[in-house]
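I have a structure here, written as structure tokens, and I will follow up with some questions on it.
Chain IDs A, B and C follow the sequence of writing; residue 1 opens each chain.
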């Protein structure tokens, strides 16, 4: 494995770290998730106003936060790739964007499921929801761009620059949508979600859920990075096979 | 100052080419008109003017026309491989970026200036003001900066017509929001304060951020 | 006459590698062309000739290795190395809706050519385009466009000229005058590297013949023009080292 990897020390060291820790992270994720499901559906009290639907919030909030983490990692690794040029940076950026898109998709879906009974509509142009949708669009474009590039090198560089531009755009999008919303208030039918007064037990379960989802995030990231590493190793073998 | 002279040489060359071929100007103007006509059927279901939707329509039309213009601007560089000529020349990538961006900006502002009175009649816009001019300029700088950057990527692919809007529109959302809101305020003659405290600063911040970032990472777009 | 030069090579590439996914295009190419020589690069289609030429022109970034032009490092000299190179590609690198003169004026600005009007006049005359100077490129014949693309490349009097299959689409007369131009070019101490499929051109023009085979520069021999014995196979494959 190390013989074919041969792209500098950082690369192969990281590859070994990823291989060794992936399984442990998988076990941790599985254990944490099982406990999390138990906490959410059995331990957590039923919300007096919203009912059972409120439980979706223990998943929705952590994955929304973690999708931002994914895009942060993507942008930082993108800068790393442009400066350092190691393919490992690109693998991390790509994997982080993939996990980010999966999480942000789930955040949108859970948001819609939540909105229907609570707000009376499937979709509402509420600032956080709107920002999340635009984020989703930006990072779907990020994942597309690589496949349009004439060469893999260009695909990596293009991804990195789109990841950087997208991430820089996020706060500007957020503030613009926030201000826009403040002059066009959302039409909310049904009870307003008052999520300010959170019971202590709910808050603790939320934090546990965040940790569980973080483990899932880390596992998916490592798995994708490792897979890309293997794909690149296969490419190296193919290249050698072209001539020798 | 080789940077400045190269920047203006590239921008001037683009402006000259636009006027020489003329097909882009004409098609951009017609396309802008078509957008308004089509949206009219989509939105204007009660008799009368489009009213509150007018500023939005104006900017949707401007954004669509902008995408068209930016696609053309880079398509021209690839027609006979002139882009290679630019990149092989001893000018920095910043100069290439700024030159292409300025050329696009000049072209778009021209198109917008021609379309504005037409739209004013069709959309029944009230009095046009200098503030509106400032809004259009700042928003178009944002369009041209981000658009030129993405057009440079899209032009190198086989699907540039679809790729540019997919990259461009999500990123440009803050500019659309700020431009539409500021235009609405400027045209209604209501409270003007939010234009100065919110929407114009937002446009300035957007323009400044991307005018710094885009030239900086522009060179990476051309790594063959 | 031997060209054993001791100073820095006009064109130098060391350990150039370029992979495109599953395919290696350049696998550690070392190339050195001394000043005043015309080197001809042969190779089958897809052997990597164009990639190598684009890499030497600073248009393609190698995955590994360095390019120096007259001792200046391509990627670290802030454009000074690119200033020393003239590039003639498959395409003309011209704007079809500008006139010949406008194209050259534009590129003269990019290269910061001193007294551009005089230079442009003389170069248009040199390439037999003076009477077409104010015609749009689109209206010129293919051969004239090709000549103009050569004019564009030598406008700023570079030390090194890189030409990618310059004979393609040219009639015999044009090829002959291009050959003359290149001979003048090298006798004034300047350097050229061209790719070609024509072995006649290789024989007639080359001080040195290089062959790119399967991503490596496998032959590097002195050609007939110098009378230094062809196909010196013992000199082969400097890259495999």
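To be clear about the criterion, contacts are C-beta pairs under 8 Å (C-beta built on N, C-alpha and C of every residue); 3 or more make two chains touch, one makes a residue touch a chain.
Source: prediction; values computed, not measured.
For chain A, the chain with the farthest CA centroid is C. Ranked by how close its C-alpha mean sits to the mean of all protein C-alpha atoms, the top chain is B. For the pair chain A and chain C, the distance between C-alpha centroids works out to 48 Å.
Each chain gets a centre from the mean of its Cα atoms; for chain A and chain B, those two points are 31 Å apart. The distance from the centre of chain B to the centre of chain C, each centre being the mean of the chain's C-alpha atoms, comes to 39 Å. Touching two or more other chains at once are residues 223-224 of chain B. Residue numbers of chain A whose C-beta contacts span two or more other chains: 151, 153. In chain C, 61 are the positions where the chain touches two or more neighbouring chains simultaneously. Residues of chain C touching chain B in their complex: 54, 57-61, 78-80, 82-83, 85, 87, 89-98, 102, 106-107, 109-112, 137, 152.
Chain B makes touch with chain C in their complex at residues 2, 5-6, 9-10, 13, 16-17, 20-21, 76, 79-82, 84-92, 223-224. Those residues of chain B lying in contact with chain A across their complex are 146, 149, 153, 156-159, 163, 166-167, 169-171, 173-174, 177-178, 181, 194, 198-199, 202, 205-206, 209-210, 213-214, 217, 220-221, 223-224. Per the touch definition, chain A reaches chain B in the complex via residues 82, 134, 137-138, 141, 144-145, 148-151, 153-154, 157-158, 160-162, 164-166, 168-169, 172-173, 175-177, 179-180, 183.
Residues 19-24, 27, 61, 63, 214-215 of chain C are the ones touching chain A in the complex.
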